[in-house]
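Handing you this structure, nothing more for now.
Going by the order they are written in, the chains are A, B, C, D and E; count residues from 1 in each one.
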Amino acid sequence: MAKKELLKVDGLKQYFPIKGGILGRTVNHVKAVDDISFTIYEGETVSIVGESGCGKSTTGRAILRLEEPTEGKVTFNDTELTGISKREMRKHRKDLQIIFQDPYASINPRQTVSNILMEAMTIQKSYPRKERRKRTIELLQTVGLNEYQADRYPHEFSGGQRQRIGIARALSVNPKLIICDEAVSALDVSIQAQVLNLLEDLQEAYNLTYLFISHDLGVVRHISDRVIVMYLGKIVEIGDKLSIFDHPKHPYTKALLSAIPVPDPTREKIHIPLRGDVPSPIDPPKGCRFHTRCPFAQDKCRQEEPLLQTYVSMGEDHQAACHFVEEIERGQLKPKDYRSVMV
Amino acid sequence: MSEKVVGTINQPKRSSPKFDQLKTTWKRLRKNKAAVVGGFFILLFIFVSIVGPELTTQDPNKVNIINKLQVPSAEHWFGTDNYGRDIFTRIIHGMELTLRVGFLSVTIGGVIGVILGIVSGYYGGKIDTIIMRVMDVLLAFPGILLALAIVSVLGGSLNNVIIAVAVFSIPAFARIVRGSTLSVRKLEYIDAMKALGASDFRIIFKHILPNVMSPIIVQATLRIATAVLTASGLSFLGLGAQPPTPEWGAMLSEGRAFMTEHPHVILFPGMMIVIVVLAFNIFGDGLRDALDPKMNRR
Amino acid sequence: MVTYIIRRLLQTIPVLIGVSILVFSLMHLIPGDAAQIMAGEAASEETVEQIREKLGLNEPLYVQYFTYISNAVQGDLGYSVRSGRAVMDEIKVRFWVTAELAFYATLLAVFIGLIAGIISAVRHYTVADVSIMIIALFGLSMPNFWMGLVLIDWFAIGGDWLPDWMKMRPSGWGDSWRQVILPVVTLGTGGAAIIARMTRSSMLEVIGQDYIRTARAKGLSDRIVTYRHALKNALIPVITVVGLEFGAFLGGAVITETIFAINGMGRLTIQAIQTRDFPIVQGTVLVISLLFVFVNLLVDISYRMLNKRIDLN
Amino acid sequence: MDTAILEVRDLRTSFFTDDGEVKAVDGVSFVVPQGKTIGIVGESGSGKSITSLSILQLLASSGKIVGGKVLFKGKNLIDYSDREMREIRGNAISMIFQEPMTSLNPVFTVGQQISESLIKHKRLPKREAMARSVELLKLVGIPSPERRVKNYPYELSGGMRQRVMIAMALACDPEILIADEPTTALDVTIQAQILTLIKDLQSRLGMSVIFITHDLGVVAETCDYVAVMYAGQIVEYADVRTLFAKPNHPYTVGLLNSLPRHDIDQDKLVPIKGNVPNVHEMPIGCRFSPRCPAATDLCRTELPELMHAGNRNEVRCWIYSDKWDGETEVDVYGEKRIAKG
Amino acid sequence: GGSSNESDNNGTNDNEDNGTTNEGATGNPVEGGDLVFAVHSEASSLDPGASNDVPSSVVQANIYETLVKRDDENNIIPGLAEKWELIDDTTYEFTLRQGIKFHDGEDFNADAVKASLDRIRDSKVASPRYFLFEMVTDIEVVDDYKVRIKTEYPFAPLLAHLSHNGGSIISPKSIEADYAAIENGKKAGSVISAAPVGTGFFKFVSWTPGNEIKLEKNDDYWGDKAHVDTVTFKVISESATRNADLERGFAQIAEYVQPIEVAGINNSDYGSVNQKASSSLSYIGFNTEKAPFDDVRVRKAISMMVNKTDIIDGVFEGFGIPAKGPLAPGVFGYNEDAHPIEFNPKEAKKLLAEAGYADGFKTKIWTNDNPQRVDIAVLLQASLKELNIDVEIEQLEFGTYLEKTAKGEHDMYILGWSTPTGDADYGMYALFHSSQKGNPGNRSFYENAEVDKLLDEGRRETNLDERIKIYYSIQEQLIEDAPMVYIHHQEYLTGISNQITGFSVDTSGIYQLQQVQFVE
C-alpha cells in the first residue's frame, strides 16, 4: 500500500525564552522541543508518549503554529506550513484540528456549548447554516452528551464533559488530521471507550489521521498504529505499536512500560524505577539525554548523542536512539542498579 | 431513552433551545432585577423626553423676573431659576437633549475607542505603538483647544459638541480596552479559536470583546455623567446648548452663581443627572451580570 | 525590558513632534490671535500690526513652526506672549504644584476607590454595594465647582459646628495641610468613583474563577483571597483608569485650581489658550504629553508586573 | 471496620440554574476510614467532583448543599462557620483539583502559591516556606525545582501543573487528602512516583485519601475501598479486591469491560450503551435502568436502596433483593454473570 | 478704550467713581501690616508699556506715577508735574516736581519723562498702549525739570491720556536695561516687568507668576506715604473663594463681588461691600451694515424693547446706573440732559412695522461667556419675542468673539466699553468714528459723517465749553441713531474687611491703596 505522507515534521525546535533579573533580559531558553523529525501517513494513528514536560503538547502546538516554531519545517499535505502567511495558514486550519489538553482553559467561558460548536462550523462553513443546530446535537450525542446540555455554559459541566466538548469541537469541522492532546484522559473508561470507538469509526469512514498524545499506554496501545516515545524534547524511540509495546529497545521505553498500573488488585507489579531527578530542559544533559537516569549508562552515553536509527535486532520501521541497543538486547550490558519495588 | 421515563420532582419546563447568544443574554437580563429596574428607568426617560414636553403646562423659556428664584412649591415643583422660569418644566424639556448629548457622545467615543483599543491590544507591535501614541497625544491635548478647533471648522452646533465630547472619550476607552485585551489574548481559548481558523475579526469581536466587556460597560455608563458635564463646560465656546436651552449641564453651570443662596437651582438638575447615570449604571451592572454566565442567577 | 523602556522613551520624540504640529496648526486655525487679544477690545490696526510683528506672527506658518522647533530642540521654549517671561519659568512654578495636587488626589482616589470597589464586589448587591454606587455616582455627577464650593462653605468658612483648628484654608496651595485637603478631596472624588466602579466589576469577573476556589481551599482568609488572589487579577483595568486619572489631573484640573486659587498647569493652559499665548500653550502641551507618555509607560510596565504573561513587545 | 475519620451521610447538592434545579449529588453516603484510601470512580458527570467540593464547601455560588451531613471526626462540617471551615481547609482536609490550569492563579508563581498555605497553617516565615515549596516540587518529581518555583503556571506543561496542585495539597500534611483526578495528566512513571508518595505519606502520617479517578488501574493499585457513582448516587461500594474480582452492579461490570488494556490487545472496546440520564428527567426507578441490559419493570419504576449483595459489597440494584422478579442468572455484557444471592 | 477691556474673558470692565469708605470699620487706625488683596486675575505685565489690562493697571498704579492725575470729578490735577501750560495749539509744557527719586535711587527728571513717553511710542516696543500717544510727534527736554510734548494736531484730551496708566514714568535705568535685553533677543518689557521701577508709594518686591505680587511701602515717597507695610495682590479667580478669604481674614480686600453676594457680605460681621459707579458702559451693539439693522427704525424699536431697570435689577441686583447714551456720569462731556430712548413696546411695534418687519425676523445675538452678558441676552431674547423677533443666542470664546465681531460677522452682540481717561473722546471716538471700524472699537460699523466731523472737532477743541457742546450734540445724535442699545454703567463692587479703613476706587477701577490702614 502506497502510503501518502500527510504530515512531515523536520528538525522542529521550540525554545521558550527565560527572562531573568529585574530587567527581564532573556537569560536562557527552555528547550521544550529540540530537533525532532517524524512523518505521519494518511489514515494512520501515531501516538506520542513520554514523560510529563518532555514536549508533547509543545510539538502539537508548534505543528499548528499556535506558537511559531523556533526552527524546523512542518509540511502538511505537501504544503509547508511553516513558510506560509497567517492568512494562508487559516485556510489549512480546517484540515488540522487539535483537542487541547486542558479542556476548560481552551473554551470560551462565555459561550454555550451549542454556540461553541456552531461557531466552529460557521468558521469553516462545514455545514449549511440550517443544519448546524442539528449537527451540533448529533455531535454532542456522539461524544456522550445530551441535547439538553447544549445551552449550558462550560462551567456547568464536569471535567470529563468539558473534555468531550473539546472533542466535539474538533470533530465539527471534519478535519483530516486531529492532534489529540490527552483527549481522553479525563474521561471515565466507559465514555473513553465510546470516544475511542468513535475515533476509530471516523478513521475508517473518512480516512482520518490522528496524532495522539497520551500517557495512558493502554489507550495508546489500543488506538495507535505507530508510537513515538519522547524524552526531554527528543524522540528516543519510534516504531509500530507492537514493536514498541512488545519489543521496546530504549531503556526509557522499557521503564515507561513497566510503570503502568494494571487494573487488577491481585497482581503484583514490578516497576523498573528510574533513578535520579528528571533533568531540566533548560540545560539538558550532554550526550544521551537519558544517561543521568539510565541503568545502562556508559561513558559514551555521557559524551555522544545517539542518533535515531534502526538496529539489527529491530523491525524495519522501528528506530531507537541508544548507543547500546544491541548490547542490552543481547544481555551483554547489565543494569547497574536494579531493584524491584513492591507496590 | 425509555418512554416510561417521566419527569420527577420539580421539573421546570425548559424553553425551546436558544440559538442565539443575544437571546440568552436578553433572557438573563430580564431575570436580573437590577437590570429591569435600570432598564425601566431608561425607557421612562426616553418616554418622557419624547412626550414629556407635550404634557407640561408651562413654557420652559418664559422669563418672569418677578418670579425669580422661588423655592419649590405646588405651582413650581422644583422652584424657579434666576429668570423666574419653572425648573421642573425646564428639566422635562431638557431631558431629550441631555440624554442625546450623554448617550451619543459616549456611544460614538466608545465605539471608536473600543475598536482602537482592542485592535491595539490584540495585534500589539507597531499597530499598538502607533495607536497608543496617538492616544497619548489626544489625552495630553487640551480639550478646549480641540473644541475650539472643532467650532472653527465645523461651527458651533449641538452635534458638534457631541463630536467634541466623543473625541475626548476615545482615548480612555481605548486604553482600558487595550489593557484588558492584553491579558485576554494570551488565554488558551483564543489559541483554540486560531486553531479553528477563525479570522482575527471574529476572534476580536466574538471572543475578546465579550471578555473585556465589563470595564467597557463601567466606563460607558460612568462617562455619561462626565459627558454631560463636559458638554456644558464647552458651551461658552459656542459648542453645545446655547441659552436658553434647558440642557441639564447648562442649567447646572448657570445656577452656579446662585447655588449658595438658592441651592435648589442647581440641586434639581444635579439630581437628575445622578438619577439618569444611576439608571444607566444599574442597567450596566445587570448587563454585566447577564453577560457573565457564572453569575449567580437570582 | 530595558530596551522596551528605551524604545518607549524614544517614542516620545514622534509624539512630541506630532503634538507640537497639532497644537501649532490648531492655534492658527482658531480665530483670534495673540496680538489682537493683547491689544484689547479696541486697538488700531497699526498697534495690532506692530505687536504682530514683534511677536513674529507675520511670518509664514512653516517658518514660525521651524523657528519654534529649532529653538525648542535647543531647550528654548520661547517666551510667553502675555508676560514676556520664559515659558520654562512659567511652567516650572506651576508644574510642581500640579504634580503634587495630582499625586495626592490620585492617592486619595485609589485608596477610597479600591476599598469601596472591593467592598462593593464582595458584598455584591447588598445595601453596602448600592450605597457605594449611589455615593460614587454623586461624586461623579456633581460638577467640581459644586463640590469645591460646598467644601469651602462647610470646611473653610465652616458652620459653627467646626472648631477653628479644623477649618481649612479656602485658597492657595502648599503652605500647610489646611490648604491641601479640600482641593485634593474635590479633585479626587470623581476619580475615586470611577476606580470604585471599575474595581467592583473587575473583581466580580475574577471572583468566580477556579483559582479563587483553590485559594479558598487552602484555608486562606477572605481578606487574603480577596486582596491577594482576586485583586491582583482584577487590577489591570483599574490601573489603566488610575493612569488615566493621574494623567488627567496632571494635565490640569482647571475648575479645582480656579476654585481654590491654585496656581497650576490647568489654569495656565486655559489662560494661554484664551489669550492665544502660543508659546505657553505649546510648552504646557509638550510637558503634559511627555508626562502622559511616561505615565502610560508606567501603566504598561505595571501590566507586566501584574501579569507576566502580557507581552509588551 | 477501621475508625472512620470522615463520614458523608446522605449528602445532597444541587445547582439552581435558569433551567431549574440540577441535582448533582443526590443522597451520597460513604465512610473514609482512618489511614485508608477510598476510591470514587464513576461515569463522567456523575457527581464525583461536586461531592468532594461539597465536603469542603467550595461550591460555586449557584450550588447549594440541600441536605445531609459531612461528619469529620464526628463533627458536622456543614454546621461550621466560615472561620472554622478555613482552619479545616488546606490544613486538616486538602484537595487536589481536577483542572490544573484554571485552578492555578495565573499571576502568582507556583512557589508563591505553594508557600501560601505553609505560611498560613504552619506559620512558616516566607523564606522557609519557599524552601519547603522547592522540596515539595522535588517530591512530586518536577525537575530543577529551584527554577520551577519561580515559574508562572502558563510556563509549565500540563503534567507539571497537576503536580504543582498536588504539592500544594500535600504542603500541610493533611489528615484527609481529596484527590480529584490527580494523575490524569501524568505519564505513568510520574504517576507511579506520585502514588508511591501518597502511599508513603499515608503510612507515615496516617493520612486518609479520597481518590477520585476513572483510571481503574490506579484504583486497583492504590485504594482500599471503592465507591462507584452513577448519576449523583453511589451504586456500589466495596473493598477493592472484591470489586474487581466480583463486581455486582451492572454499571460496574460495564465499566470494567470498557477498559483498554496495555497488556492485552482488544479489537473493539465495549462501552456501556446509551447516555447518562438527563438531570431534568431522571428516571423514577433505578437510574441506570435505561442502559441496563438486565432491567425489568421493577427497575424502571422503583429506585433501589444500597443493599448488601451477599458479600461485603453494598450495591444499589434490585437483582440482589428479595423483590427481584427477573431471571436468577443475569447476563450482563456477555462475559460476566451475576448470580442472585 | 482698550485699556480695561482686556483679555480677561470675564469681561468685567474697569471704571470709576468715588469710593465710599467702608462703614464697617471701627477702632483706631494703625500703621503697618500686610494688606492682602484678592484680585480676580493676574497682571499680565508690570511694564505700563507692555500691557493694556485692568489687572495690570491696578498693580502698576501703586508703583508708577504719571505727570498728571485726575480727581474724583475727573478734573486734571498735578502728579509728577507741578504745573503745565499750553504753549501753542499743539505744544504742552510741563514743569516737573523736583527732588523725587525712583525706587532704584535714580533722579526723576525731564530725561526720565522723555525716555518713558518715547518708549511707549517706539515700534520696537510695540506697546498696546501706543494708541494713547499716537498723535504725539515729539518730546522735548527743555531743561532738567521742564519738558514739552508736541502733537501732530491740537489734541484736547492729551492731559487725560497722560493721566492714564500708559503715561507712567519709568526709571530710565530700567528702560535702558530693557532695550539692552531686546538686543539679546528678549521680549520688550521683560526686564521692566520683572523688576518694575517707578516713583510710586509702593515698591515692587516679588512676583510669583500665577499666584501673587508683593509690594512694599516706599519709605522715601515724596508725598503722603502709604500706611501699610506691604500689599499682596493674590490671584483668586473664584469670587466665592475671594469672599471666603475675606471672611476668614486671609484677605482684606476682595475684588469683583458678584451682585448676588453683596447682601450677604453687607449683612455679615466681617466686612462690607464698597460700591462705586464706573465710567464704563455695557451695550448691545448692532451690525449697522447688515439688514435689518441698517435701518435705524429697527434699531430703535429694539432699543425700546430693552427695559434697562429690569436688566439692572434682574441681572445686577440693582447695582448700576441706566445709561442714557454712551458716556457715564462724571466723564468729561457727559450730557446730563440727553433724552434716552425709553422702554416702549407699543411704539417699538409700530416702528418695526414701518420698517417692514411687522412679522418680525430671525437674528442672532453673540456674547462671550460673561454670565451677566448671557443673562442680558436671555432677557433680550425673551422681550424681543413680543415683536416676533426670533433671537438665537450664541456664546463665543473671547478671542473668537473679538475677531469675529471685528470682522463684522455678527448681527447683534453684547460688549462693554470703559473710559479710563475719564474723557468723552476716549469714551466715543473709537466706538463711533467711521475710521475706527472693526478692531479699534467701532464694532457696530456705525458711520455718520456728521458724528465723524464732530468727533474730530472735539479732539482739537481746546476751549472746554465749546468741547462740551460738541460732545453734547454727539451724544444726542448717537441716541437718535441708536447704533447700540446703551444699557447701563456698572458699579464696582469691592468687598472690604472690617480690619481696614481708607479704601477707595476710582472711576476706571483703579484701587486707591495709599490711604488704606489697618484698624485695631
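Here, a residue touches a chain if its C-beta (ideal position, glycine included) is under 8 Å from a C-beta of that chain, and two chains touch if they have at least 3 such contacts.
Treat the numbers as computed from the prediction; the structure is a model and nothing was measured.
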Please report the smallest number of touch steps linking chain D to chain E. 2
Out of A-B and C-E, which chain pair has the most contact pairs? C-E
Can you work out the whole-Å distance between the CA centroids of chain C and chain E? 37
Need the CA-centroid distance for the pair chain A / chain D, whole Å please. 27
Geometric centre distance via CA averages, chain D-chain B, whole Å: 49
Could you tell me the distance, in whole angstrom, between the mean C-alpha positions of chain B and chain C? 22
Identify all positions of chain C at which a residue touches two or more other chains, and write them in rising order. 30-31, 149, 153, 208, 210, 307, 309
Where in chain D do residues touch two or more of the other chains? 17, 19, 60-61, 99, 101-102, 154, 275, 278, 280-281
Chain E: positions in contact with at least two other chains: 240, 397, 400
Contacting residues of chain C [partner chain E, same complex]: 30-33, 36-48, 50-51, 53-54, 79, 82-85, 89-90, 93-94, 148-149, 152-153, 156-157, 167, 169-172, 258-261, 263, 267-268, 274-276
Under the stated contact criterion, what part of chain A meets chain D in this complex? 16, 30, 49-53, 56-58, 101-105, 141, 144-146, 148, 152, 155-162, 164, 182, 185-194, 196-197, 200, 215-223, 245, 255-257, 259-266, 269, 271, 274, 277-282, 341, 343
In the complex of these two chains, what residues of chain E are touching chain B? 240, 258, 260-261, 264, 310, 313-314, 368-369, 371, 374-375, 377-379, 381-383, 392-397, 400
Touching chain B in the complex: which residues of chain D? 16-21, 60-62, 101, 154, 274-275, 277-278, 280-284, 289-290, 300-301
Contact set on chain B toward chain E in their complex: 61-63, 65, 68, 82-83, 144, 148, 151-152, 156, 235-238, 242-244, 254, 257-258, 260-261
